[in-house]
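Presented sequentially are two complexes of chain A, the first with chain B as partner and the second with chain C.
Our next item is the complex of A and B:
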């Protein structure tokens, strides 16, 4: 029988109809192996059906359940109650929405607005190499793939952008810059000039101050600051 | 190897001491130590900018040496001496961390924990040396030899960075920030060391005026002040731009920074040339 924890959640609430914001406290008796999405769902089921939060895959693949928990941006589908108690050395947790886009309600932010930034970098192959006439697949050597495969794990959860010291007034953000760099390093991409134009635009890579918070909070363990530094180093 | 082991045993103790401060503990847990170091870099930079203006003002008193000497006599007390020494802390921190960032961003040095460790060790050694020299107050050194070595080191550092960064497509001010930063690492560290070697070198108008009449020192100070003001101005702009949305307010503040730095440069250069 897994250990049970008596935890207190102070959750930032926001009602878009009245435009009122407040902090609401919930007491939950939760098993240590519950994830925070499960805890939020339990609150909906047992205490307060009006509490809004977002999630989709709940397997750390879609990036839609990002929140700030006791100051740290993370995926609520990944964090177990027992790990949170150990990591933050407390049974009281403050939950806030991510700060990268306007809040729609409670813990739900406007991801469409957040994604507008990602779209600026054209997160697809702009000009892919032509298909092989024989119908063969395009082969990428393991050595080439090794350079950037880590960066392909990014799910655009915006945890890095929330943690970034540079903010987002003048910087596209770590994940957005990474989305561009992945394609820049991809040998199938031929639009290198357009990609480097995006990389070095006014709100581009050099607005990063290498505080490395992005690498620390990344739920997919990507060393984001390493890739951003490659851009500043002039590898492309 | 043994030494390295001892260092790694001390580190957790130091970190646990620092984490007793709630604000440090909060950011160490949620953003990690490099994030706090970045904040420290900014705060140290702003402290140095404040000191720079005070320094330009006190040096401007050299136009009437009697006023300068009177001010220096007023400031020759244990509290001011301590503050002068304490300035070595943000100076060493900002310089060495700047060096670490240049190595990380431009020279692919990714062993960042080792770099931070060496930054702290070298910083502490430097601060202790400055403190020792301040107490000693009587160290003699040849002005030309000291500054030739320091300027040579600065030129080499900035040329290495220039060679690495100039061909990249980063913005020109950003590149100049790195080049001037590399130039100033030996210069500012050397400057403070030199001023603390002997009380008279930094506090006696006759000694300063005699040194300033040396064309080599004049030239070195001329370049130094231009680089310093550019570096300070762009640094302040970078911090402001993180918090203020593009628009009239940001433009106004940027103009203000440019004007303040330009006026400071004008007075600084005029002073160097007049002495």
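Our next item is the complex of A and C:
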């Protein structure tokens, strides 16, 4: 049988009805192969049905379950208990909600609001190249695609935005800038001027101080800061 | 609790889309492009459409380029018909397969990042049941974006809807559809953050809420795939169709049931039993590991039952192996990057070096709200409901019949989304603004929510959820018998009763996760009941529906199951004929569209 762990979770609670916040401690006996979403579910099932948290796909493909665990923003669906114990070298974990949007309850933040920023960067093709005369797909060589395809893997979980030292009030954020970089590098986009205007606006890419926290925390292992550096350099 | 349950405000729009996944937003994009200025509201349970279940689809979207030197649309139509075990509708098969390539090009032109060939064209890979020359050899037909095709599609339709000003409303559920003199005029919505109800009145409403397999112990679905759209229809007295057709994907990762795409086998992965023998050779000598999903899922369970499976202690589950060790490093790193990382992170195995433990996982609902070939919702086997449309996994037109081929679902979402959008544009030409519903209208949802909020039972949500999942997996799963189904129906009746007494930790309506989950659990029990009743009445085996007591397909069941359940447990069944228009047209190869034998 896999090893079981006695872990202690100190979780930030918030009640929107009374507007009270507090830290609540839960003791859980958990098999090492459980994910943190499973642990939270276990707390709901066995101890406290009122503890609110969010998730959807639960395999790191939707980015709904971000939390801050012992100071590190991460997806609670892909962290196994045994890995957490190893990585953080402790059996005690502090769980806080992400800081980039208002808290709705406990660990649930209003990512819907956070998405307003993603919308500002216009993730679509603003002005696509005209159709080929033969009516089929635009040709893109695998080499060209490879330059930016890593950046297209972003799931907007906002872990990078939470970790970013530039602060969320002054900077659109690493993930938002990454989405703009994708289209700047996409040979099908013709509205390059509009895109560079977004890139270099007041709260644009120059707010980035290259701490590389984004690359460090990205659950999809995207080297976000590499793309931000290309943006500063004007290489797209 | 202090807060009375009332509708606090009313919004108006031209089109209300319930469920903002691939199908719903492809419809939204079509309407926006072709009828600029249409006011569209798209609802989603999650924070943003980008977080929809569509985004988890991995392997590809099937489509035949009309200029392809070897593949032809007619092969794709044949494969879909054969794959469905002769229960899909041929008018829909023809229409969808014919416009598939146009839709791939549409997605590409709207910014999707398909993987490419050396010539810069969209790359294609083989997939289960897709073959050249009517079943001879595997076809390259699945257009893909690495192993995140669903994400690519979702990002494209989401961004395109955003570009045209579609209004997204996240974190909400539709709890009831509104009607006026038989016409659908919108829905009652419950918003999670504020815990408030509002009415949205619309000239046209599209239900696109996706799938429902969360009633199974092992499921590849998102947390919120609880059959909400099906229950909206059932509660309105409308039928649902073929719900007994639940697809189990053969390769779920042992434990959570996360999907390990068929693309892995498309790229050459092999299933092995405990003796590391490639067992699919015995079950499907031609197609082997690329046989359709229903066949492989049954083969895996058979291997396990006959003692050739393995047991995973940590997850307390039986499994077989998926072998990817012989695939080139390049394939691991580029073409199946996401799935390989899932195996490493969630299961702790490295597919380059280790065998990967897999087991069948409940994956897809082939049935759904019955529509005609234009996405118009049917109110019986003949008529349609004015103003109400459905597309995507929640709907059944039906492209898949009782079994779906891999990559045909993304194809269906996109093509049926567009077709439904086109029909909505037609409908809007003469549609008037709906009148305000009377404030005296009684809304069932208030009664339902008050019952949940004030329940005083002792049994917890988790006990009933777990009981449901075990019961459905064991008795209404891959193998079914009359006895198992009768038992399941009895137990479901009891569970439904128990589910109404689940006590709530709080009576607050704001961001009340517990209340939300109890509502979802009730939906799952409702859908489970219809699945079990449909399965009981279909005394044959066809596609994904397998009865051990009736292991053969039988001609007397050559129809779709229509089920009504206005009141829980009281199911009325009807038959909708299977559309055989390709066979009846007597065109080229028509004889292959008869009730043919299904062997691979």
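As a convention for this text, the second predicted complex is superposed on the first by the 234 of 236 C-alpha atoms of A that agree within 3 Å, B and C clash if a C-alpha of one lies under 4 Å from a C-alpha of the other, contacts with A are read in each partner's own complex, and residues count from 1 in each chain.
Throughout what follows, a contact is a pair of C-beta atoms (placed from the backbone, for glycine too) under 8 Å apart; a residue touches a chain by one contact, two chains touch by 3 or more.
Predicted model only: the values in this text are computed from it and were never measured.
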{"item": "Touching partner for A:71 - first (chain B), second (chain C), both, neither", "value": "first"}
{"item": "Which of chain B and chain C A:99 touches, first, second, both or neither", "value": "neither"}
{"item": "Touching partner for A:135 - first (chain B), second (chain C), both, neither", "value": "second"}
{"item": "Partner chain(s) touched by A:153 [first = chain B, second = chain C, both, neither]", "value": "second"}
{"item": "Contacts of A:115 with chain B and chain C, given as first, second, both or neither", "value": "second"}
{"item": "Partner chain in contact with A:210 - chain B first, chain C second, else both or neither", "value": "first"}
{"item": "Chain C versus chain B, contacts on chain A by residue", "value": "C"}
{"item": "Overlapping contact positions on chain A, where the chain C interface meets the chain B interface", "value": "none"}
{"item": "Of chain A, residues touching chain C in the complex", "value": "1-2, 15-17, 31, 33, 35, 44-46, 48-50, 52-64, 78, 80, 104-105, 108, 110-112, 114-115, 118-119, 122-126, 128, 131, 135-142, 145, 149, 152-153, 155-156, 183, 186, 188, 221"}
{"item": "For the chain C and chain A complex, residues of the former touching the latter", "value": "46-48, 50-53, 55-56, 65, 67, 104-105, 108-111, 113-122, 146, 148, 151-152, 155, 158-160, 162-163, 170-171, 192-193, 222-224, 255-256, 258, 313-315, 338, 341-342, 345-346, 348, 460-462, 504-506, 508, 510-514"}
{"item": "Chain B residues touching chain A - in the complex, by the definition given at the top", "value": "26-27, 29-32, 34-35, 37-39, 101, 104-108, 110, 112, 164-165, 167-171, 174, 238, 241-246"}
{"item": "Contacting residues of chain A [partner chain B, same complex]", "value": "70-72, 87-88, 163, 165-167, 169-171, 196, 199-200, 202, 205-207, 209-213, 216-217, 226, 229, 232-234"}
